[in-house]
Amino acid sequence: MDERTHTPPEVPDATIDHDRELRTGQAEAVYGPGKTPAQVRDIALAIIASSGGAVFVTRATPDQFHALVERVPTATYAPRSRLIIAQRAEPPHALGTVAVVSAGTSDLPVADEAAETGAALGIEVIRVTDVGVAGIHRVMAQRDRIEGADVAIVVAGMDGALPTVVAGLTSTPVIAVPTSVGYGASFDGLAALLTMLNGCAPGVTVVNIDNGFGAAQAAFRMLTIAVRRTRSPSESLAGDVAP
Amino acid sequence: MDERTHTPPEVPDATIDHDRELRTGQAEAVYGPGKTPAQVRDIALAIIASSGGAVFVTRATPDQFHALVERVPTATYAPRSRLIIAQRAEPPHALGTVAVVSAGTSDLPVADEAAETGAALGIEVIRVTDVGVAGIHRVMAQRDRIEGADVAIVVAGMDGALPTVVAGLTSTPVIAVPTSVGYGASFDGLAALLTMLNGCAPGVTVVNIDNGFGAAQAAFRMLTIAVRRTRSPSESLAGDVAP
Amino acid sequence: MDERTHTPPEVPDATIDHDRELRTGQAEAVYGPGKTPAQVRDIALAIIASSGGAVFVTRATPDQFHALVERVPTATYAPRSRLIIAQRAEPPHALGTVAVVSAGTSDLPVADEAAETGAALGIEVIRVTDVGVAGIHRVMAQRDRIEGADVAIVVAGMDGALPTVVAGLTSTPVIAVPTSVGYGASFDGLAALLTMLNGCAPGVTVVNIDNGFGAAQAAFRMLTIAVRRTRSPSESLAGDVAP
Amino acid sequence: MDERTHTPPEVPDATIDHDRELRTGQAEAVYGPGKTPAQVRDIALAIIASSGGAVFVTRATPDQFHALVERVPTATYAPRSRLIIAQRAEPPHALGTVAVVSAGTSDLPVADEAAETGAALGIEVIRVTDVGVAGIHRVMAQRDRIEGADVAIVVAGMDGALPTVVAGLTSTPVIAVPTSVGYGASFDGLAALLTMLNGCAPGVTVVNIDNGFGAAQAAFRMLTIAVRRTRSPSESLAGDVAP
Amino acid sequence: MDERTHTPPEVPDATIDHDRELRTGQAEAVYGPGKTPAQVRDIALAIIASSGGAVFVTRATPDQFHALVERVPTATYAPRSRLIIAQRAEPPHALGTVAVVSAGTSDLPVADEAAETGAALGIEVIRVTDVGVAGIHRVMAQRDRIEGADVAIVVAGMDGALPTVVAGLTSTPVIAVPTSVGYGASFDGLAALLTMLNGCAPGVTVVNIDNGFGAAQAAFRMLTIAVRRTRSPSESLAGDVAP
Amino acid sequence: MDERTHTPPEVPDATIDHDRELRTGQAEAVYGPGKTPAQVRDIALAIIASSGGAVFVTRATPDQFHALVERVPTATYAPRSRLIIAQRAEPPHALGTVAVVSAGTSDLPVADEAAETGAALGIEVIRVTDVGVAGIHRVMAQRDRIEGADVAIVVAGMDGALPTVVAGLTSTPVIAVPTSVGYGASFDGLAALLTMLNGCAPGVTVVNIDNGFGAAQAAFRMLTIAVRRTRSPSESLAGDVAP
Amino acid sequence: MDERTHTPPEVPDATIDHDRELRTGQAEAVYGPGKTPAQVRDIALAIIASSGGAVFVTRATPDQFHALVERVPTATYAPRSRLIIAQRAEPPHALGTVAVVSAGTSDLPVADEAAETGAALGIEVIRVTDVGVAGIHRVMAQRDRIEGADVAIVVAGMDGALPTVVAGLTSTPVIAVPTSVGYGASFDGLAALLTMLNGCAPGVTVVNIDNGFGAAQAAFRMLTIAVRRTRSPSESLAGDVAP
Amino acid sequence: MDERTHTPPEVPDATIDHDRELRTGQAEAVYGPGKTPAQVRDIALAIIASSGGAVFVTRATPDQFHALVERVPTATYAPRSRLIIAQRAEPPHALGTVAVVSAGTSDLPVADEAAETGAALGIEVIRVTDVGVAGIHRVMAQRDRIEGADVAIVVAGMDGALPTVVAGLTSTPVIAVPTSVGYGASFDGLAALLTMLNGCAPGVTVVNIDNGFGAAQAAFRMLTIAVRRTRSPSESLAGDVAP
């Protein structure tokens, strides 16, 4: 990719964290809201310039994408998840498998964000869709598919009850993602968030409301446990998990 | 019961709603907190005097019970549910069956309150205990028992997810009772309450946190639908459903 | 209806709960927000294909309705309640009567949703409109009409005080529906919701803010108590209550 | 009263607002919590020294009262309302009548605080007790007594619905006092507070949770409207309304 | 006014409280939001038909006004306060004076609503504008004007501190109106509301956020104390205070 | 351990989830609050009887421990964390290493709960204590120790900022545990919880306030990713990870 | 500037606090929302007429600016911060240096408001941008620049953790500004606000969400400590710190 | 003091931030709650050993003090503020003057904490007590004393209105401290906190509820602005401001 250079460019309005990938295995992500298209473009270009792996802009607008894709023609944008993937990892080895399980069709934009992020990070993604607990047999019928994955990301709005059920059925780590789907006493996802934090099946962890991106990043870290064991703490992760 | 008189006594600090039973089928209940033992005793005696059915004091202290039992020796007190039953209906006919389903052992005081209230109102009560959604097969194994009841009262703290699952498995009306069991982000039952209000299985209704008594009263009303059909709206209910 | 088939179709982005009606007496409902018109259409068609009873899309947009009505010409849409009824039960027998009582004219969209849902489920619906507690004689004048119904659905915003009053006047089960009508400290219906949960007349149960649909579904379950008594728990409900 | 002097004493830890009574018609009140008995005693003595009217300590402990009564033998203490009245107005003329209306027996401590404060300020107080909206006929039976008063103070916990009903039945100013009576979703009086703020009958005003004292003070101000009309704005109120 | 008839018309979607004026001295008000222009028109016409006094539509849209003014040419609409006054009292005698005191220029729409309502009810209104506590001398300079009024309505957003200061300076009843003016931690007026409920100067009462209309109605009730004293409780108020 | 039997005993008040360990790799845990010592003892014994691994009672009282240790002499109790470990795994192989990082000395009870749970599950635990962000060099000095672990559990109250910093310094999965340490606007841990959910370093997941136990269980699941890969989804986990 | 006159003009809808600058060293600011362009113009002109220093309109719209700039051609408007500076101080002496430190690029509008306000008040402003705690070395690399300033204004949304870290690294007073940047559980800046109030590094003070203007005003006051020492308390500040 | 050594001791359960004083001018403080007396003693001793200035334990219990004073006989404890001062600065030069202004007598424990902390840091403290806004002339009478100070710390509970008034009267930096004094809708200080954050007088900054200690630390930083100007950023502050 010809935007990539060896001298990190200076970007107005930003201080690029060029070493983030070395420290954490993943380059800095760009949060779209509140930034102009030009800011998004310049910041993303600077991150790409010093990164070997996937680069993301979350909650992006079409205008932000258009500004970037002129400079990075391979960038992609998914309107439903509003996720720009500005550079995709060419994974040297598969990190593992994540099941993205969602409770309702209206939760799909958040589940998509998780799935697209995971795929761009070199993770095999399995989708299990529309298996909310009001029809409990639906998730039970998928139990073995979920158990077969290394990690489960479980996305649910409204009552947010699905992650507890999944964690009670399987031995996988469960990352719960509350969504803002609902009305009235859902309070924009607060109800689902509280449900998930209070789930009775130990082993569930929770991310912010609608944060499919963060859930996939957390899954990525879990999948690199094996990779990280083969090196000393002060070594860079980047060489191992990114192309 | 010799406390019963035909001239309603005047009670200091209270205005007894002597016609409540005629209008609604159930005598006024006494809310214990904030009342002295003497107030509880006098109010309960006045209600008993004009009531033909069950009389309850909720969230009562042992002292309140002792003040009352001196005058009403048949009164009973259950320490776990803190419920005084000062007069029990001798039901002329069984109203129906209610399944009291609870998610965890710590929810039992609230489930007890519902079950004891229901029984005193002439309802057959089935108990289904400790079937939280973290082990989903437990409630599924009880599905036919719950479906066989006329109404299900489902009691749960923490994530409060059980009522949605029960409503998705059965065709019974489901009365959800959130409990204050939990810690941290359960916010004294708020999390369970919100979960239940946002449940995705239509047909669930909700009562206040820890309100097992109100759930049983609501079930009682549902079970009297058939009874009420046999009379005109301006007739008293009391003659039909209470001894 | 020719959309109905015996082999449930696969629907992208959805896992239809084809057995919901068998288990619970009512087919799965479709929650409109967050779904494209095509998703709504495909999911509704799949549900219709395996359902014998009423099929609903709640909080639907006109676009969602237009996508569906091309395939299901008998579908109806009520703009005020935003409810699509995609298939109406032809009730073999009347289930009973529900009074839909509303406090103010601004609460009518929610009351409509309850009334239209109930009617489509084979329930006779009585409307009692604009009887808020600031003019208490209005609801007292309607007391006998409400008492004559099997169930009362009471819809109120702002102070949400009406359900307690109705429950104190009648012996019917009362399903309280808080609405988001109000401003300032109504906090989008939170005030009315809390009022209803704290009502002093036992026997009131509550559904989510603005959830007229769920209230009618709950009433439907209450009215099937008698129907369900005539069969064993493992039998399907659908044969009894739906055409 | 021999504690009264003409040179206001200095009080450690306090800056007595000696002119409050001149400006507002009522001497400064002492808020008991967080003060030592000695502080309460010294502050109350200083206020008495420069005041001609009633002096109050609210939410006082028995210890605070004992410290004060040694110096002011005529002081009184009501354990239920925790109100010390350290000096009572000898009203030169009756200001008017206030109806203190309470919803339940558990609300009586707050209603007492209002009634005792009012009486000490030279107001005739009528009590209407235990007339909550679950038995709506109780308050309707008292309608003429309430309408006959100049102001109604309406005290209610739990659902807090009573003030709206009273305001809809009468033409009196209604001062609503939410109480912390309740449990679960009453959130220590928040539910009743919100109900009262959202009441649909115009003319209701609201004070803090459990603030019977403030309600009576507000009623006092309303009753002095006529008195104040007879003097110029810069004159002292004290000469007119206090002995 | 020729819309006035002696047989109250039936209005679809509404149950007019034709006796409200007899009971409370003021006709029912119409809450604009959530109603169609036709509903507003029909309800207002029905109220006018049976009312002798002022008739209001609050939070009205221009469209609602246009629908009504075609039938009631004397109706007026103030865009800043969004208040329709559909019939104005021709006050037989002045009820008294209310000072409408506002903290900032941005609070004026709410202050206007209070002032316009009061004027239509036959109250003399004094305006005191932009005297927030950050420049405390501004309100002190107006102290005598406020003290000269019978009632003070004090309108403030942001910190909501003004009513406490006014109540500490004067002997008038103070009706505090929090406004939603502010940002961030004002939480749409919650901060000002809480401030006012916790004010340290006894005698302040509070209405809902932005509820200038309710404040004026409460002031109206306070001003009728003297009027009401001259009649028995069961008499109508309307003959005395409305034309 | 001689309490272990092959026929699961029936326990009053409980429905033991005997298969939990087979499905999820970990036996059901007992939540102490709201249970009598006898209930805790009986439930724990029943779980032990069918479990091959560690058995926990969380938030236990000394009385609950004393009831249990009479029957299970090897049980241990840590007063600071209130954790009973009723049976300890004899780990056939080390699962991996978890760094338990805590922000302040007052957070230690929660950190202890995580560390003790982890150790009992066969995890090597590293402690990093009192490294809050107010002295940022403290956590930076420990960076390599944390990076050397497979998973980091980061425990913090008050501002809850530590997990974001740790996640930005390392590539380990970070499980954030908010604690209720703090006062005022910490709102019993809500502030720390919100901080952690909003952390800007992707890869952080969060558990309930004070839930050190759940954090360790989540870490356990992450560490079994490698183990689970060697078997088919329908096999039991228990044989692999527990003795 | 020719708008400046010696007789303060009367402004409709406003009570200009002409002495504010004498008392506090800074003229009254105009809060834009809820005011018409004409109101903003007239109020600003009146303040300018009696002020010798900077005059600000915060959260202004372009229309408000256009109305003002016609009369005050030197006025400036920054769209990103929405700040009108209607008159700029010509500082007789530099007051000192403030470092405006921001966590993310999306926080820049708030940081700009602080920086522009400070500059207009005669403060030298240093910008430190995009140094959020997820890449902790970024702020550490700027430690000496921040320490070299007299005051640090630290602007952060989402987790709001940056002020604590800065206060732990430096000896400057730290004014923390939470921003509404974020989504889900950021609750429009509440999460950042709570974090900052609970920060563990003493010496941090906090202003309202998004209140960059207030932060700069607070810094201005801190920088005038030295100036104020040279005069008596009753002297005007204005002569010293404004031109 | 013989506890002081040159080799910082290791302390179990703590990681002493020995350089905090060098970086920030003030040694680490010890937060008492949740720590055993032995932990408090050991941590305080370790901090004393490497510090040249004041050392504090906040919210300490008498037991914690007794453990410490055995080893540090000069330590002092103030029961009202619960503050241990384990080592007092012998200030080489007076830093300046802080006015600690409190609204009510019940706010004194928090005001004391601020005053005692300030005095121990070498600040001259002026106390202005019981000048709440309900008697506005009280604070105006003290205006010149407050203006004469370099910084004002303003402590208030209930409505929290005092800081805005002080900031509008003076040119000093105002540090607002909300207290938990109040009841009902004060929500343990939340009302006062929100009031202070929304204050209309620019220049007010806020600390956590009841955080008098933090307010004094912030004032200390403001007073060192002049001191810090005389050295380069990388120099230690400690040599200048501590003995």
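Labels A, B, C, D, E, F, G and H are assigned to the chains in the order they are written; within every chain, residues are numbered from 1.
We adopt the following convention: a residue touches a chain if its C-beta (ideal position, glycine included) is under 8 Å from a C-beta of that chain, and two chains touch if they have at least 3 such contacts.
All values derive from a computational prediction rather than experimental measurement.
> Which chains are shared contacts of chain E and chain H?
Output, common partners of chain E and chain H: D, G.
> What whole-Å value do you get for the distance between chain D and chain E if each is reduced to the mean of its CA atoms?
Between these chains, centre-to-centre, one finds 25 Å.
> Using CA atom averages as chain centres, what separation in Å is found between chain D and chain F?
Chain centroid spacing, chain D to chain F, equals 53 Å.
> In whole angstrom, how far does the Cα centroid of chain A sit from the Cα centroid of chain H?
43
> Could you check chain D for residues that touch two or more other chains and list them?
20, 104, 134-135, 167-169, 184-186, 190, 193, 197-198, 201, 208-209
> Which two-chain combinations touch?
Listed by label, chains in contact pair as A-B, A-C, A-F, A-G, B-C, B-D, B-F, C-D, C-E, D-E, D-H, E-G, E-H, F-G, F-H, G-H.
> Applying the document's contact rule, which stretches of chain G touch chain H when the two form their complex?
Contacts found on chain G: 20, 23-26, 29, 96, 143-145, 147-148, 150-151, 167-175, 193, 197-198, 201-209, 213-215, 217-218, 220-226, 228-229, 232-234, 237.
> Using the touch definition up top, name the residues of chain G that touch chain E in the complex.
So the residues of chain G in touch with chain E come to 13-17, 19-20, 28, 31, 33-35, 39, 43, 59, 178, 180, 188-190, 193, 208-211.
> Using the touch rule from the top, collect the residues of chain D that touch chain B in their complex.
My answer: residues 104-109, 129-131, 134-135, 137-138, 181, 183-186.
> Can you list the chain H residues touching chain E in their complex?
Going through chain H, the ones touching chain E are 103-104, 132-136, 140, 158-161, 164-165, 167-169, 182, 184-187, 190-192, 194-201.
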